[in-house]
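Below is one structure; the comments refer to it alone.
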Amino acid sequence: MKTLIKNGKIITNSDSFEADILIENEQIVVIGKNLTPDIDTKIVDASGKYIFPGMVDEHTHIESPFGGTVTAPWQTESVAAAIGGTTTVVDFALQTKGESLMEGINRWKSRAEEQSAIDYGFHIAVTDLRKDTIDEIPKIVAEGVPTLKVFMAYKSDLMVDDQTLYQSLEAAKNVGALVLVHAENGAVIDLLQRKCLENGETAPYYHAVSRPIEVETEATARAIAIAEIVGAPLFIVHVSGEEPAQKIREAKAKGLPIYAETCPHYLFLTVDELKKPYFEGAKYVCSPPLREAKHQEALWNALQDGTLQAIGSDHCAFNFSGQKDLGREDFTKIPNGGNGIEHRFTLLYTQAVTTGKMSLNKLVDLLSTTPAKVNGLFPKKGTIAIGSDADLVLFDPNGKKTISYQTSHQGLDYDMYEGFELEGAISDVFLRGTQIVKGEKYVGKLGEGKFQKRTPYGLC
Amino acid sequence: MKTLIKNGKIITNSDSFEADILIENEQIVVIGKNLTPDIDTKIVDASGKYIFPGMVDEHTHIESPFGGTVTAPWQTESVAAAIGGTTTVVDFALQTKGESLMEGINRWKSRAEEQSAIDYGFHIAVTDLRKDTIDEIPKIVAEGVPTLKVFMAYKSDLMVDDQTLYQSLEAAKNVGALVLVHAENGAVIDLLQRKCLENGETAPYYHAVSRPIEVETEATARAIAIAEIVGAPLFIVHVSGEEPAQKIREAKAKGLPIYAETCPHYLFLTVDELKKPYFEGAKYVCSPPLREAKHQEALWNALQDGTLQAIGSDHCAFNFSGQKDLGREDFTKIPNGGNGIEHRFTLLYTQAVTTGKMSLNKLVDLLSTTPAKVNGLFPKKGTIAIGSDADLVLFDPNGKKTISYQTSHQGLDYDMYEGFELEGAISDVFLRGTQIVKGEKYVGKLGEGKFQKRTPYGLC
Amino acid sequence: MKTLIKNGKIITNSDSFEADILIENEQIVVIGKNLTPDIDTKIVDASGKYIFPGMVDEHTHIESPFGGTVTAPWQTESVAAAIGGTTTVVDFALQTKGESLMEGINRWKSRAEEQSAIDYGFHIAVTDLRKDTIDEIPKIVAEGVPTLKVFMAYKSDLMVDDQTLYQSLEAAKNVGALVLVHAENGAVIDLLQRKCLENGETAPYYHAVSRPIEVETEATARAIAIAEIVGAPLFIVHVSGEEPAQKIREAKAKGLPIYAETCPHYLFLTVDELKKPYFEGAKYVCSPPLREAKHQEALWNALQDGTLQAIGSDHCAFNFSGQKDLGREDFTKIPNGGNGIEHRFTLLYTQAVTTGKMSLNKLVDLLSTTPAKVNGLFPKKGTIAIGSDADLVLFDPNGKKTISYQTSHQGLDYDMYEGFELEGAISDVFLRGTQIVKGEKYVGKLGEGKFQKRTPYGLC
Amino acid sequence: MKTLIKNGKIITNSDSFEADILIENEQIVVIGKNLTPDIDTKIVDASGKYIFPGMVDEHTHIESPFGGTVTAPWQTESVAAAIGGTTTVVDFALQTKGESLMEGINRWKSRAEEQSAIDYGFHIAVTDLRKDTIDEIPKIVAEGVPTLKVFMAYKSDLMVDDQTLYQSLEAAKNVGALVLVHAENGAVIDLLQRKCLENGETAPYYHAVSRPIEVETEATARAIAIAEIVGAPLFIVHVSGEEPAQKIREAKAKGLPIYAETCPHYLFLTVDELKKPYFEGAKYVCSPPLREAKHQEALWNALQDGTLQAIGSDHCAFNFSGQKDLGREDFTKIPNGGNGIEHRFTLLYTQAVTTGKMSLNKLVDLLSTTPAKVNGLFPKKGTIAIGSDADLVLFDPNGKKTISYQTSHQGLDYDMYEGFELEGAISDVFLRGTQIVKGEKYVGKLGEGKFQKRTPYGLC
């Protein structure tokens, strides 16, 4: 069966034009003026609407363990993503000590296969880099997992040392894979946390105090230096402020292949949220922590000048009740993370496009095209072009909405953006030609999302 | 009549995919797999070829006076452009003292109307900013000329003072127009030139000695500072080296809307060319001058990280015999300029794409899409999309050629790139659906190029 | 006659130690423990006191015309200086158009000879650089005036163009002289002033609005670039904030011989003073203007890391009544300048030394030693060493005082630092061995200050 | 007994003047013109000579174990220092694992007490930071050891982790002590060394290959970041090139109390020395390694603009035969270190002062005054002032000499500066008033050097 979407305004990362889109066999096959449907062609009217490529979220943590508890699962989070216009996520799978990388990936994959509403891939977080793990890297790349994750924070848990960072970069480079890094100096954070607790500073705000931007700046510079020595590309996740962004800018100016993202919460929220009374600050505990307001302008500038190339959600959903409140007496026990998988696109549209900060095309580039490219999903994902997957988002610029956890689809008892006004509304979402969202309702089937074998970007 | 180009690989600034292109009424109307032609549809087979959007050259000087002589005319240069894959130029028209801006534009326009093989627009160089000239700016923008040029060099000729620069930026800003600036400190150059001549240093090489990079860096920083005070965007033409590029990078990092280009000669030639014997160095006399080799890497990095957004030719063709040799006894009398309109695309393809320095998409972005956007030609020009002008370039990656002025189409008795090997060959060029180049031959009709009313980018 | 100062604590720019000082024939001849006086030796007891070298103020405007009015004269200002611990000033003499440099110097010298309480030299401000003026430069250097001043601001008055700046630097360099520059872009300021006035923005605060820090940053960078091209040293006066300081820092990092000062008002006052009601803001109108508070920390850092080497007063005293109020209807008519000659040392001691920002030695370096060195007064002035002039300041760290124009000795009807609390008090001042201040009273004789033939620092 | 040194030209870090110096009880008591000796006063004629304060070398390794061998002992090295004009060293003592800091200090002290020709102090290198070690820090400061050393290199030997660095800085800060850091990333070096060896790259040159400047830049930035978080001052030893120096410059510009030194070998030798045949490259194996020539200009600029404040020798003397050659089959087994204790002053005088790179005063500042200040030796050491120790160096600017290990006094069978021509000659050296060098001969008594209880600079 074919589908013809008529009269929409197509928006890619570069172009904006009115045309019809013909879909066949999950793919876009024709784009043009006044296309004539066959008799069996389903017609969708997109008049007055923007048509975007499905958004790609390169940074999510679904059904992921952290500090003895687990984030919300695929059945809710992948639906929330779909309703928010995201048709592909690259989720972070974790190797546990002793395990092979493939075991970590497979554990994640089996959950998604059953429940995911959207397409997905995995980064594999290396926590135990043995000789046989290094040897395994070409294999996982061949299996469609060309991105590794390394943590420089979370001492005595996920944190790796500089030798592991170096060796991950080297092994990745040899097969064209890309290393993503969480850049904070975990050794220093550990001392600062202990100091806070010794001083009786146990409230959520001390989460931020114990992770000053200097620990992020330092680790960012260190990761870049090591990547430079190895001669490998590097992707720095969740850049939170001015100084780390400046380190990345300086690296690019030297010609180094450094990529980086920021996240919506660093653009729209500040560290003051952590001071909210009644332990509500815990809802905003994520790492790196939220920063002072002045960093926001620096991040917008870094998005504008290309220092940052993507805006991933870092969606990592813990309920306030039963999860966040594990840290009521000790901020180091608050699970780290917030939400973003659902509202990422519309929030950005509202705050960046309607305010004139960036064009619609730039937004598509940051939320879909570049994440797809860097993560080896392009051109199947990330664009509206002949032969690409028909992952399409229809958007009514006249919609309006106020965010509330009560109407959100995430499996979460709060929302970091509670009360934020949204401009525009996603009306329809297609995944490989199949409509999965209609009028803000999920109309798909859990499990129809497919694992995406991704190709190594570094060898493109 | 319709034209259907079949089986080519379409390359835009973001996408690469195989599809057919259907053209009707000068525009692209359908892009898709296996399109079926009507009976009256002309078919072009593009198998094995890349299809690029027509290249846009935002920096040319055609039939332009300089130091008592005139550059080569539209009838040769526009044909050379077409054969080189460039379907639109934005040429620099000059206001002469006492004249209105419109008079300058019209003088240029009347020449192009008769003779141009390709589409064209004009920047108008402001040399005499009177009160009535300022008042004229909204008018010329309404006439489709939303870009002004200001020279900080060429003392006692084109050079303007800081007040004129300021006022041009301010007047432009008010109507969304963009100011382009030639950034070299003409006052200091004038002294350095006199000093060289006093010392008997009259050879072409002293052209470079009298224009050290510091005069460009200084003027670049000054133009940016003034634009920042005005709150206006600015486009810096022909950035030649590391330090000026760094000033631009720093400006962007502050969020300023600064745009900039470099030119092929700064990427491929060095100041050593000016030392060629028998006055041959004069062929390489352009401003800013060619630089030491180390600047080339800095320029490549600046293209890569987005500091520079375009590569214009600064084509400004003076014959060696009868023109360049006016300066045989005095380098200040050598007309400034070199060639580039014809080989810009293929040179860059050869030196940047086949060497892995950049992707084909990035190259399209630098030579077509971004110049079209910044200069208000987009989306008619600069992309392959539904509704865009059918300006298309078919390129055979297996072609090979050696540059020689004898086989070049420029009206020039030498070529700066004489002997350079080229990879790939442009086989066909379409201008608004009409084939104007076939098998490296011009098959169009002089005068069929059209003036493009451009829209102000600043108000987009 | 000899004088023996006993038991003080000598403070130089490097050392702090207790010793006696023996003075003979205007000079220091012995420093040591327990020196025994001859019978005819005058004894001064300095127990409990610091002994500093006489302060050197390299930046004053005494009896200087500006906008049709004249600053306060030598008979008051040199006494105020003496009481404040300054025993030498280098004042700015002005060449008027048509005049030779020597004529400007002589006009200034004749006034000082009659009335100055302290030693003095002159910088000569070049306003009319003719061929014969260039030729005169070696002569004035031979006469003991090895420092030129060039204004990049004050369009259609003192401002010179880039060629004059270049040629002044070149002529100075050839004889080891040093150019001092007032770095603000006068052309842009002129436009911004006109714009303010057109908008009816006539109040003192618009003085600051029309001279944003960008005009200072720009001119600073330009002056440095031109000095770099010439290969000459350069001294940048009255640096007012972060960005200009950063330009200087970057120049030094490249090995360029760039020197710079800031002034007390940039360290202690902010642009908010200009908003004072009843036209009181006019008292704080100086150029560059006072800045936002954040610049103060940047200036302290720049003093600390050696980016700035001196703190000159830029004393330029206009009464509020009859002078400052010339600009009541138009801020551009307010004479530019404020006071500082008297309180410079004690203010800095109070705000920088007692707060731990810098050591006493560093303060001596900034206010005496380095100004003496850069201006060719060293080692006669600027230190306490054998053979140096016995210019000495005895300072009681236990003194306390509140600044008020009523008790100040400047010829001024207001004080920019009115109400500032001072720690410590200057009890005695010696000029070449003669006591000229005793218990905060001037006990010298007007006219006993002597012209100092200074030597070119650049050839040291 | 008193000594009177007559008619020399005294050179301090700021002043240059002719005067006599009277010494009594080991100290300078009078400085003045034409001092009259008592009958029992010993007279020394210094006509035509410079008199400098005794040089202070803050960075030596005497009789220090490294990789199973030991550097040359006090009886030779302290004599070599004396002959070279150095009257005080601060040597690096090492804590061994399990030991207290005081035990390390005492081991070093007992050796020096018996054999040292000159005064001395110790930095204590922390290698095992236990809880009781932290508690010991106030005690060692009270004993006159206010400087700690931390190594970020030498993995599985001296290297400490970021937590130890942090805690050392914190403990030091609390008592005003200063941490010195060897900044190279030992984890990365370890991998690069293994890689070289695996590739059969065993020659001395691979020492440099395995320690690229990026590992130094990275560690420098990291140490600064951690010091910034702690709020502690930091001294970075042996800065070898441009990028690390730039990190220090940026830190100072932010107002951070960061101090740093470079060493003579980075100014005068390059990495090419390591390529010498017959394993001679091993003589130049030190860490950080010698760098490419371009770094030398950057270091001179960094000395000039105050980024670097001292030039320590990092004297660490291993014989070629029997020590350096332990690494004949494996560069990682070459003991790291070279010589410098003897020629430091005269080399710098020759290469920096006679060439016009810096003034004599600046040289005194870098080699004596600032090292004395930063290390808490001032004002006893580091200056010529009343009350200071009479450590004096008489220098004949007309001397000439060629360096050869055969005539050097170091206990070493080679000299890194073999064949270097020296200008000027040290003729006499006084240690606390006692002449210990006369006509380039040591005339003192081993063991007369005294341990210097140093005061914490941070609390000054």
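As written, the chain order gives the labels A, B, C and D, with residue 1 at the start of each chain.
Quick note on the criterion: a contact is a pair of C-beta atoms (placed from the backbone, for glycine too) under 8 Å apart; a residue touches a chain by one contact, two chains touch by 3 or more.
Since this is a predicted model, take the numbers as computed values, not measurements.
Through how few touching steps can chain A be joined to chain D?
Counted as steps through touching chains, the separation is 1.
Report the inter-centroid distance (CA atoms only) between chain B and chain D in whole Å.
Whole-Å distance between the two chain centres: 57.
Express in whole angstrom the distance between the two chain centres, defined as the mean CA positions of chain B and chain C.
Here the centre of chain C sits 51 Å away from the centre of chain B.
Can you give the whole-Å distance between the Cα centres of chain C and chain D?
Averaging C-alpha atoms per chain gives centres 39 Å apart.
Can you list every residue of chain D that touches 2 or more other chains, as numbers and ranges?
None at all.
For the protein chains shown, what form does their contact graph take: line, ring, star, complete or other?
The chain contacts form a single closed ring, each chain touching exactly two others.
If I apply the definition of touch given earlier, which pairs of chains qualify?
A-B, A-D, B-C, C-D
Which stretch or stretches of chain A touch chain D in the complex?
Residues 161-163, 166-167, 185, 187-188, 190-192, 212, 214-215, 217-218, 221-222, 225-226, 228-229 of chain A touch chain D in their complex.
Residues of chain C touching chain D in their complex?
The contact residues of chain C facing chain D are 10, 12-19, 22, 29-33, 35, 246, 249, 252-255, 297, 300-302, 304-307, 359, 365, 369, 379, 383, 385-388, 460.
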